[in-house]
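What follows is a single structure, written as structure tokens, with notes after it.
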Amino acid sequence: MITVNHYMLLSAILFTIGTFGVLTRKNAIVLFMCIEVMLNSVNLTFIALSRHVGNMDGQIFVFFVMTVAAAEAAVGLALMIAFYRNKDSIDVDDFNMLKW
Amino acid sequence: MADYLLSIMTFFPLLGILVLLFIPRDNGGLLKGFTLVVSLATFAISLPLAFDNVFTTSGGMHYREFYEWINIGNFFQMNYNLGVDGISLWLVMLTTFIVPITVLSTWNAVDKNIKGFMAMLLLLETGMLGAFISLDLFLFYIFWELMLIPMYFLIGIWGGKNRIYAAVKFFIYTAVGSLLMLVAIIFVYYYAVQSGAPMNGFGIQELYKLDLPYNAQFWLFLAFGFSFAIKVPMFPLHTWLPDAHTEAPTAGSVILAAVMLKMGTYGYVRFAMPLFPDALPTFIPYLAFLSVVGIIYGSLVAMMQDDIKKLVAYSSVAHLGFVMLGVFAMNLQGLAGGMIQMVNHGISTGALFLIVGFLYERRHTRLITEFGGVATKMPIFATIFMIITFSSIGLPGTNGFVGEFLALMGAFQSSLRWYAVFATSGVILAAVYMLWVYQRVMFGKVTNPENEKLKDLSAREIIIMLPLLLFVFWIGVAPNTFLSKMNPAMEQILVQMNDKKVAVVEVQQPVVANVLEIKSIVD
Amino acid sequence: MENLVQEAIQNVNLQAIMPSLVLSGLAMVLLMISVFSKRGSTTHVAWLSIVALVITGLVTLTGWNNPQAGFAGSVLFDNFATFFSMICIVAAALTILMSDDYLRREGYPVSEYYPLILFTTAGAMWMASGTDLMTIFLGLEVLSVSLYVLAGFFRNQTRSNEAGLKYFFLGAFSTGFLLYGVALLYGVTGTTKIDGIAAYVQANPDTALNTMFIAGGLLLLVGFLFKIAAAPFHMWTPDVYQGAPTPITAFMSAGPKAAAFAALMRVTIIGLDGLQSELTSLFWLLAVLTMTIGNFVALSQKDLKRMLAYSSISHAGYALVGLVAWNAIGLSAILFYMLVYTFMNLGAFAVLILIGKKGEDNLTLDGVAGLGYKKPILGIVLTIFLFSLMGLPPTAGFTGKFYIFAGAIEAGYIWLAILGVMNSAVSLYYYLRVIVQMYFRDPEEDFNWVTINVPTAISIAVSVVGVLYLGLFPNSLMNLAKMAGF
Amino acid sequence: MEAILFYLTATVAIISALFVIKCRNPVNSALNLITTFLCLAVFYIMLEAPFMAAIQIMVYAGAIMVLIVFVIMLLNLGLAVKSRYSHGLAGGGFLAALTLLVTVYFIKFGEATGTGGEITSEVISSYGHTELIGRAMFVDFLLPFEIASILLLVAIIGAVILSKREV
Amino acid sequence: MYSNLWLIPFFPLIGSIFNGLFGKKIKNEAVIGSIATGMVFLSFLVAAQNFFKLLGDTEKVHELVMASWITVGKFQLNWEFLLDPLSAVMILVVTGVGTLIHLYSIGYMHGEEGYYRFFCYMNLFAFAMLMLVLGGNALVMFIGWEGVGLCSYLLIGYYYEKKSASTAANKAFIVNRIGDFGFLCGLLTLFWALAEKGVWTLNFVKIAESGHLLESGGLLITVVTLCFFLGATGKSAQIPLFTWLPDAMEGPTPVSALIHAATMVTAGVYMIGRMNGLFAMAPATMMTIAIVGGLTAFFAATIGLAQNDIKRVLAYSTVSQLGYMFLAMGVGAFSAGIFHLMTHAFFKACLFLGSGSVIHGLHHAYHHAHLHDDPQDMRNMGGLRKKMPITFITFLVSTIAISGIPFFSGFFSKDEILWWSFGSTRGHWLLWVLGAAAAGMTAFYMFRLVFMTFFGEQKTDARAKDHIPESPFTITIPLMVLGFFALIGGYIGVPKILGGANRFDAFLAPVFEHAQHANEIHAHGTHATEYTLMAVSVAIATVGIFTAWVMYIRNPELPGKFVARFEGAHRVIFNKWYIDELYENVFVIPCKRIGTFLWRGFDVKVVDGVVNGCAWVVKGVGAGLRYTQSGYLYNYAMAMVVGVVVIVGFFIF
């Protein structure tokens, strides 16, 4: 029997993988994708819990998370493009003008 | 007028600043003149206090002003709560008296940004006056901190070579202490509120009646005491002082020495001690010890200075050691000695700084080795310097003696007898460093050709010094003028402390008996 | 089907969202106006957005002492929300006033800038008034996304790009944690409504021991702590503040931070009341850590914007002290402090904006040498703001800090207060350094590029008045803050 | 059956998620990410949320990922990549492990107690998932929905402003 | 009644203020000098009037309260004067000798730059000294006490351009201050001790009345009196604080005469006399005083043997004579001490003024011959008796008086002291030995002085020796008056054994009698002993004189041989037993070192080091933390994850 905990564990693993990606990857776009993995893992949790709890709030939340993800994607990618235009790179290591 | 006298006096300089802002900045004479007028007017406003005989009969607060200021229901309340008693009276007078003198002293010394300088002086005056007359801890704290700002600028902008270091050090050093005091102020307030004591904002008169457990008093006294000890300054928290004094312009040094250091000692008398009398027996031995160390240490270090101003600065450490010792004696004589010594130190050390200023204006150096034989070139100056020197040494007949003697007498009456013996040795050391510097600066032949063209004091400079000399002798010969107005207030403070705490009392039975007698008479 | 519409309409209470409604509506109008405006002309939009903010402000004020709930418990526009909304409105207005000239100087006269600020403000209002985590989350996202854009607004400036990107990535990353937290809370309590969570915990006290609940609550807070720049979630702040356009930096440090505090307070005090003991110790630690890191690192900064960024971190730490206190005084103190901070920080930034050259490379410590002599009024004003930031009387910074520490001490957190004031003492040093430069050094430059324009002057004047008024006569606003607290 | 499907899909999801991180070429990462999304859609269906599955595919796999791939192509990043990882591989791994530990711990020892809602399988099958979503969104969460619209507006403006070439 | 007492100190004060303020403008020496002298003379008149009034009065103790001074609670202090036989004698001596010395100064200081300054200080000194002796309570006395110290400082440093002068002035004041420290400690302890018993006073009469409240011979009273005695050693140049007095000769000679011989240095003796009640109650202190006095008398005399500076010889002689007075006080011979104080004032003032006259003459001669020889060095003198006859005669009279030759004033007083030191209940024969030995040496070195200066051949530079004049009248008149008193001054106190009535003793009895009786202090012994002792001391003195005659008149090369023979001993006494060097090395230099260390080593390094160290640490930590802000996104993210993991982990585990 697959319980809510299975789903939650799965999403925890995915969340961790996303976190790991954010911590390690250099390419800003991949980094962003890793964040998407994290958000998706949360979505999975929400939907699993929504079933478990027995109301729709969680699923509505997922709906909005997707909206937010879309909005962030738009803005984030625009920022990346702008940066790329100036620096010809989107390596996060090149985000290094501002420090100390 | 009398109802608002304190407010008018305190904020008059502030009003002066407002007008000052509209005087063109390149009209230096007008700026100085106007500031002088304002400060003199402030002095005039404060004069009725000095002549009011109510202080000789009653030790309570007079000239009360009370308005609700901040009232946040059950959160907290602060009031605009002013009053003056015999303890603050002479410090207020000293402040209003010394500011015009400093204004006059800057006549030729300041040429950069006169407007700012004058504004800072006046702002400082407001801050100092406010701190002396506030009866609400919160209000007191505001004025207390307010003083820092103009002094910081006075040192930082118009100071000597190393002024930035000195200014920042002064500021942060004092602020550290006062911030801790802020915590203590808030704490004592909430303690009072939570214990259901009747409160009137942060009014100290209500707080005086508060019964705090020993533990709380211990920490609170530590916080208040620390803050005031920095300001005094007590050894080993004194190191901001030589720097600040040395780098400050003459006016700044004078005010710093004459008034601002008194904030610390005044703070002990007004706040730390009567608010937390139970903690006193614990601390007094240490504080007295530090006072005595300050006396001897300050003197020894002063002796070896090569900069006159620094010497005077270190001598302040020693002088204030006497003040503190007297205050910690916890009896009438000691307290009176401490109080009168505060005024004395204001006058003598203020005058010494002015004297150093005169030399500095002429030669742009304060190194002792640069001078020598000045007496032949500047006989009037030599005379005045001599008188002030002996006042600082504490020669009987001058002000310094009365204060020192009473302070020591008080200490001898109390459990601090042994400290007092060591403190008394300070009178030797004072003579050593003061006379030595006098000899090196004034006596001998003129060896440095630069000193050949030294001019004696101008009329303005003599006028600056005359009032100070007057008080040197006045306090020395007829201190009762001042003591008589202080006594009732000091008695009251002691009675308060003793009412709250009996253990302190047994050390000096006679005083307490005396105090109680007088109290019954007053009642 | 009618049923559904009926039901939906029943839930609507426009009063409860009127301010944000008005504001977003006007923002959209302004967006249209800017579309049809001549390229490069932004002044009218700026003034119109001020008008919009004033209208919104008036609308908001009608909500005082008139709490309005609506949308099936999604929103509650009470005094608390009103107070924070007003802070954000004031912050936005001051920001807009100081922006117009700045944008032209820097070569980005883009009129969409203003609607974006208005949207940010609207987002902040939803954060302040939201009672459902969903509302708060979406408000937060509106605010964040706008700020990502605004931080990276100077799209041809690498610094600005970098600021935007860093903010974006870390913001999105923290959103992940926040959402995870919400999900866990949802799982444990079956709801995302704050009072629903509280009610559930009330009904089932064991919940407070449920690791999932604790973890959920803490993860949720991470999102807000990130926004208020509490250590160790503060790392983005200096970089973003330094790189973002200066008015936006100013704005970020005041409005959005206040909104984040509003949300944080509502969530913790109402929703996570069951975790009080855990949270107070957490906040204790974070407050100390935050102010210490902020102050210590600020000591070694040379760039003024970056220094103020660290200073803003430390101020967040002070504000957190109020939350540690968890009592009426402390909570009201946060409200008051946020208002005070808005004035003093925006004022300081406004002065910096005025004295900056194009590109603002001169906004360093050495760059302001002798400013007090060349531009005396700016010097005095900046000095007042700095003293206020230090927390010295008679400025608002002092009364604000006093309020905060009063709360902490009333609740018995003496050591926290001591650490707080010691931190203030440390902070004196770097603020004083600016004053040292302005007054104690001789001018190296003549500052002849500094021209004072009316809107910025107005914003500075308002800030000065605010700082001094709240410093000397804080009574009225302290009382309002008291009424607005929980 | 359900279990097999779950484990199978979960394995795929995890592996593809790992590949997102591992792949040198961002395009490959993106494709792997799409795989993960699809797996999640499978789970949504398993969790009786078909509407969410559809949205997942359309919005995520369809819209967002297309946008990402588009940008990757636009910036021509596939060839420019020099190294995949920043300096923090070990630290990142360690922290990720800790994260996993913490999450697993609170899932293991915590309990999702907020059960008892009225939405059961029966309700879903009788009303239909989409309707339930619609009802919840427009009755209970109308305001967030409206805010979401503002959010999208802001995002559009922002994207436009940021990607314009000149002022 | 005695209500004009206040005029006595007041006149000189007026004179001082007047000359101080206007002297520079007046410029006329005659005016300045006569105002100053006149003021002191007026004091003298008032003093004399009061003295005689007191003589005829049955009530011998009179207090005059002028005004209240310091009032704090029970501590109430007045400006008050006390006239009793003791102070009456003192005011007469002070004003009388003072007037003469002022008069002398008019001539002596002629042509000095700062003439007005000199008289201003002199008058101020007279004022202070009179306050000292007239003070009705310890604090008024202390005003005078310190005041005379101040004037001494000012007058020693009169030639302030000379480094040695200003250094000597400083030394005088500082050493005096050490004494004052003792005085203050004693005063404060006494006050506390009495206050404990419920008597809040510093008034001398009240102290005397309530002295019995303290335990006689107890620790407290011993400590108090020892402290007071420390004060006295400072002011009166006793071991260990005598070193300032020889240096004080840097001042003009009238100053040496007035301050450092006749009046100020006797203040310590006077003070002990004033508080005799207390001292009498502390035998240990008395013993200390007697021993210190005897030793001082002895050691100072040894140093005097080898000095060549005319004023220094006199200075050491003064120290030695003061030692006698303390010896007297120590053995309880209070009135004898005061008696010697008075006679000493006459002959020592005369000696100093005489030496001044010599110096004046030589100075004049050298000036005339454009030489820069030292006019004070006795080796440049000799044979002056013909050049300066008046000076010589008065000088000789005084020398005989100081040597204790019978029927001169010094004989009576010195002999009384020696007798008491032997026969007193507080005395001891060893003390007598010390005193007698000192007397012998005194006779020797004083006659050595006379012989070297006035007899023998003239050793003055040939160019100058014919230009040495006798001094003018303003100088010689005081010499004659003082010489006269040195001759006859002793007859007011002729002891009973020699058929006198010892009127002086009787006059002072109201002051001392009580204490002496109460503490059983009296001299006992047979007349035979007394006669024997007297004879022995006279013999010793004669031997001393004879030796001097042998060595300096008959056989002038003898001293050189003597010195060569006992080179070590000579060097030690010539260098004053190396006491100055000792003090320099033991106190002054370590003090300076400590001061320097405390400043540079402690204040700057430790205290400020801690302060700046705190700042440095804070800044350092800040600078270190700054680098955590690396600018790299993943670092920031890591920090966040660490934060999350730690926070969440901490609370859930």
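Things worth noting here:
Here the chain labels run A, B, C, D and E in written order, and each chain numbers its own residues starting at 1.
As a convention for this text, contacts are C-beta pairs under 8 Å (C-beta built on N, C-alpha and C of every residue); 3 or more make two chains touch, one makes a residue touch a chain.
If you're wondering where the values come from, they're calculated on a predicted model, not measured in any experiment.
Relative to subunit E, the most remote chain by averaged C-alpha coordinates is D.
Ranked by C-beta contact pairs, the top interface belongs to chains A-D.
When every chain is reduced to the mean of its C-alpha atoms, the one closest to the centre of the whole protein set is B. Subunit A and subunit E have Cα centroids separated by 96 Å. Look at where the CA atoms of subunit A average out and do the same for subunit D: the two points lie 7 Å apart.
Centre-to-centre separation of subunit A and subunit C, using mean CA positions: 25 Å. Remark: subunit C and subunit D have CA centroids separated by 30 Å (rounded to whole angstrom). Each of residues 615, 626, 629, 631-635, 637-638, 641-642, 644, 648, 652 in subunit E touches at least two other chains. Multi-chain contact residues of subunit A (touching two or more other chains) are listed as 4, 8, 15, 18-19, 22-24, 31-32, 49-50, 52-55, 57, 60, 64, 68, 71-72, 75, 78-80, 82, 92-93, 95-99.
Shared interface positions of subunit D, i.e. residues touching 2 or more other chains, are given as 86, 88, 91-92, 95, 99, 102-103, 105-107, 109-110, 112, 114-117, 135, 140-141, 144, 148, 151, 154-155, 158, 160-163.
Pairwise, the chains that touch each other are A-C, A-D, A-E, B-C, B-E, C-D, C-E, D-E.
Residues 19, 22-24, 31, 92-93, 95-100 of subunit A are the ones touching subunit E in the complex. Residues of subunit D that touch subunit E in their complex: 86-88, 91-92, 95, 98-99, 101-102, 105-106, 109-110. Listed in rising order, the residues of subunit A touching subunit D in the complex are 1-2, 4-10, 12-21, 23-27, 29-30, 32-34, 36-37, 40, 43-44, 47-57, 59-60, 62-64, 66-75, 77-82, 84, 89-93.
Taken together, the subunit B residues at the contact with subunit C in this complex read 69-73, 75-76, 113, 138, 141-142, 145-146, 148-149, 152-153, 156-157, 163-164, 167-168, 171-172, 175-176, 179-180, 182-183, 186-187, 189-190, 194.
Residues of subunit E touching subunit A in their complex: 626-627, 629-634, 637-638, 641.
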